[in-house]
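In what follows, structures are represented as structure tokens.
Paired with chain B in one complex and with chain C in the other, chain A is shared by the two complexes that follow.
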Partner chain A sequence: MIKSMFQISPGFEDIMPAEYLELIENGPFEKRVGVSDLGAFKELLEEHPLCAGCGLALSLRLILASLPNPEDTIIIGSTGCSALAFPQVALHNIHSLFGNQNAVASGVKRALNLRFPDKIKDVVVIAGDGATADIGLDMVLHSWFRQEKITTIMLDNEAYANTGGQESGMSPKGTVLNMAPKGKTFSKVSIPELAREAGCAYVASVNPAQPKKLEKAIVRGILAARELGPTYIQVFSPCPTNYKFKPNETISKVRLREKEGTYETKEFLSTEARELFARLEEEKK
Partner chain B sequence: MLSKEYHVVRGPEGYLPPAAASMGVVLPDKGSALVEGCVVQTDAAMELIADKILSAKNPVFFPGPLVLWAWKDGIAEKAKAIKEMAEAAEAKLIPMPDYRPKYPMINPAIEINPNHPNLTIWHNKIDVCVFIGVHCHYANVALKMIRGGTECYTIALCAEAGHEDAMISLRDVRLEDLQKMTQIIKRRKGEGK
Partner chain C sequence: MIEQRVVEPLQLFNAKKEPQFITGSEAVREAIRRANVEMAISYPITPQSESMHLVGDLFAEGYIKEYFRGENEFAVMSSIAGASMAGVRVFTATGGPGTLRAFEVFSTWAGARLPIVCAFMTRGINSPLTIQPDTIEMAFMLDTGILMLHAETAQDLHDMLLSSFMIAEQTEVHIPVGVFVDGFFVTHTRDKVNIAPADMKLPPYDPYSSPVPVMDMENVPFRQMRDPFVMKSNYVSYSAHASWQQEVMAAAERARKYINQYLGELIETENPDADILLIGSGTAVSQSREAMAIARSEGFNVGLVKIKSVRPFPAQEIKELVKHAKAVIVPEFNRVGWLAREIKSVAEETTKIVAGPRVYGGMTMPPEMILDEIRRTSV
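What follows is the complex of A and B.
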């Protein structure tokens, strides 16, 4: 898409809701904005129905602000808390059946390659831990095995949060939730390691307490997916509602877990990804 | 069931009204239109559209994304023609800028969303509405919901094959058809209709 297509027909400007006028005038399209510019441009997500203090909502805002090419980005979502926010996101987004997101993304990416062979179209999966690590794990892994050029982002709130609070594969061992009263009996699944072994060119685990790091991971994940193959980014997004902490404690919970070593920030680059980023850096100069 | 046995008429028809197509209503051939489920000549349907709009207390045009956004050549001219038609009919324009199900965060006073069009109809007390430039599947969904939950009379000026779920539907509407419709409205208005 080019911005010239994103214009209101003459004569209809006065009837368009203000948010659309703002998106045209001051949206992120065809601009190089990022998380440092938040507050200075019209965000792709401003209102949402998620809980107060939701780590996922914060992460989603940061992810959307980090997209290198929002005008040509298609997001594939899945069932979960994030699905409640996507209807408000001013980007093409597809809600897939629970767990099918990476299969749908594979098809979308291939179709876009056929339809627009000379254009960059970023296909980005944004789904929760249930859709990524449990219900959709087979679709996720096989998209990686097939080396689909898509970016998979997991918003990890460590629970099935909008169905009463069941444990997910990503809940830490021993976690007690409303619907998991006995405590989880096995450890958190290590999806970053699985991603690396499955052939992802770039893998990162980040959190919203470090927005610049998160932004860097998103940009790298998308750039590597364009040229090399699948990439995976895991974003820790704690849930105050199910983990029963105050909404204003979300960031401190993230920092505490990192300090404890129970949720580390990490990054893996394949040799090809390392070379790609070095080349891109060189080209910038 | 045959189309003559099922008429697409002003609601409220109740929760989950049937899709008119499932009740035997078929789309008109080229050169024809649909009025309440029956195939009629396009000219007759245009006269009826003018009457319905002019006799309404609060007629509103709902331009959709296909005409609100100047995404290809020829759209600006269509948009101008739609605006002229609405002005001739003294009807308001309420946009449907996209199809995101923004529930419950739309302002029904100034926009309509195909996933809950009844909110805008109710809020503005709209008794006749005209869909134009709305992609087929979303128009059908919204028209059915309006028939199900409101007493609004629905008209679709469709650039493709028409809409069974509208009470009146034209098909293959081009720029010249919009201009012709405006002239009919002006004439009928002059006749005191």
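What follows is the complex of A and C.
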């Protein structure tokens, strides 16, 4: 990003929207801010149109606050609840079609590589579980097989929530949801394991109940994607509306599942990723 | 790789050309060699594959900077969209079932105002399984919002492809162009094609000439929308969507003058004042020309209209031509007769239009079939 792009022409200050003025004065661009600074800077997501207690909205806030290079980050989204929030995100972001996010991201990344060979441009996919594990799975996997240098983040609310609460591949076995009136008949799809086998350099499963852990995974996922190849981060984001719990119970649901061992946080680093992070740590010192 | 210099488009199009005896697929290669394409993505489907093999050779030689084989046509068209949104000149090709596999993406190309150029080597649609020539996929593509040119020959294919980049990338157009060509009949046969010197290439694409923001975080706006209209149920939301679609249609209309500039008129005519007009597109024009020659030698007053641009459709031109003819015959290589429908939709007297002859499933169209219609309408 050229910083001069992000300013208001003299004389127009008083008619620009308040949130835009705030972004310019106190946004995260070209600053090193993170989740610990939330509340002290203007976030990239201005409010959101999602349900009260939405785990996905919370995860999205944390992910956006964790981006190591927001001024040069392009987001590729997909259809679903998160698509409703993206117009309110102050980054170039693309919604193309349901499920094609990793194919679009492959094109974006390679094109930006041609146009800006000497500049870091982080291409980050943020999509739901239906988009990632069901309708778009072939394109997700093939982007990994091809070693596209993109970060794929799944906001896993374990259902098609935006369309009214249908079973997805990520719903736990036995869950009764629309289109699974007798309960889901097969297990939650193991995308982190698939990611590892498909050649992702870095894989993590995190949740918004542990914001610092989530932030670390996002930063690692993006740094490894820049240098090594594809990375995958799965973010558990429970849905109070379709799983019918109170909006103030979202975080406790996350903690309960972790305690039960039905949704664990985990991290996988390839040897190259391990070496990369060690080198970056060394450089920081 | 031959060292190339950028020249003005018309300088390339009007350059002194050398004839080459090549296939339609090779004509694609020669067009793309001179088109300053930055990125191409391929996926195999007969009869398109060879053209994208040859584009791959251009990548290996250094004429194209990025090229890969995608995982299916839906993915390829999506990746091409991503690359175009990020601001590079792109090219891809498909055909028949591949066109239908990718179908959902084409409308998003137009809606996102992407100047993508795609070649469609047409073939039949399953079931039953067929790989044979047929233009039925064009019927499905008519209302996707993309511009549609239909090549009769390898020369047309070459010229239309090169022109398409210039037409698509005009700021006031900036929508995709599909160059359609009848698979096998043109792609797999050899013909004389006049080609400009290989040391010339088109000017590069300027992504910031786009009427919509390039997705690169280097140009405004990046800001939060308050109360975005996505999926809202209110008048402003409906109006925003409706006016956006109207603007895409208007962009297609504004393409007419650039088609005229780079390819001549949207139609070509021979004996346009004749009693009987044969109107066609693609290789149906070649067959019609044969039939016209025989018919005229037998004393029938027959003329020919070649439609080069299907979208935008030469509505006014066709309306006038049909008005003056006693009968109009529309030979087509498909089951549904989509071109006849288009012509009927603009003609005042539709009863004088013969929606045929039609062949499909891979059959050739002997000029005698068209002659039969000429004789029938002359009785």
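Basically, the second predicted complex is superposed on the first by the 283 of 285 C-alpha atoms of A that agree within 3 Å, B and C clash if a C-alpha of one lies under 4 Å from a C-alpha of the other, contacts with A are read in each partner's own complex, and residues count from 1 in each chain.
The definition used in the following text is that a contact is a pair of C-beta atoms (placed from the backbone, for glycine too) under 8 Å apart; a residue touches a chain by one contact, two chains touch by 3 or more.
If you're wondering where the values come from, they're calculated on a predicted model, not measured in any experiment.
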*Applying the touch criterion given at the start, work out whether A:Pro87 contacts chain B, chain C, both or neither, answering first, second, both or neither.*
both
_Looking at A:Tyr20, would you say it contacts chain B, chain C, both, or neither? Reply first, second, both or neither._
both
_Quick check for you: in the superposed arrangement, does A:Leu45 touch first (chain B), second (chain C), both or neither?_
second
*asked:* Taking the superposition on A as described, I'd like to know which of chain B and chain C A:Pro10 touches: first, second, both or neither.
replied: first
*In the superposed arrangement, what residues of chain A touch both chain B and chain C?*
5-6, 17, 20, 49, 87-90
*Can you name the residues of chain B that touch chain A in the complex?*
63, 67-71, 75-76, 78-80, 83, 93-95, 97, 100-103, 105, 107, 110-111
*If you look only at chain A, which of its residues touch chain B in the complex?*
5-12, 15-17, 20, 47, 49, 87-90
_Of all residues in chain A, those that touch chain C in their complex_ = 1-2, 5-6, 17, 19-20, 23, 44-46, 49, 71-74, 76, 83-84, 87-94, 96-97, 100, 103-116, 121, 138-139, 142, 146
*Contact residues on chain C for chain A in the complex?*
38-39, 41, 65-66, 68, 70-72, 74-76, 78-88, 90, 104-105, 108, 112, 207, 213, 215-220, 222-226, 228, 230-231
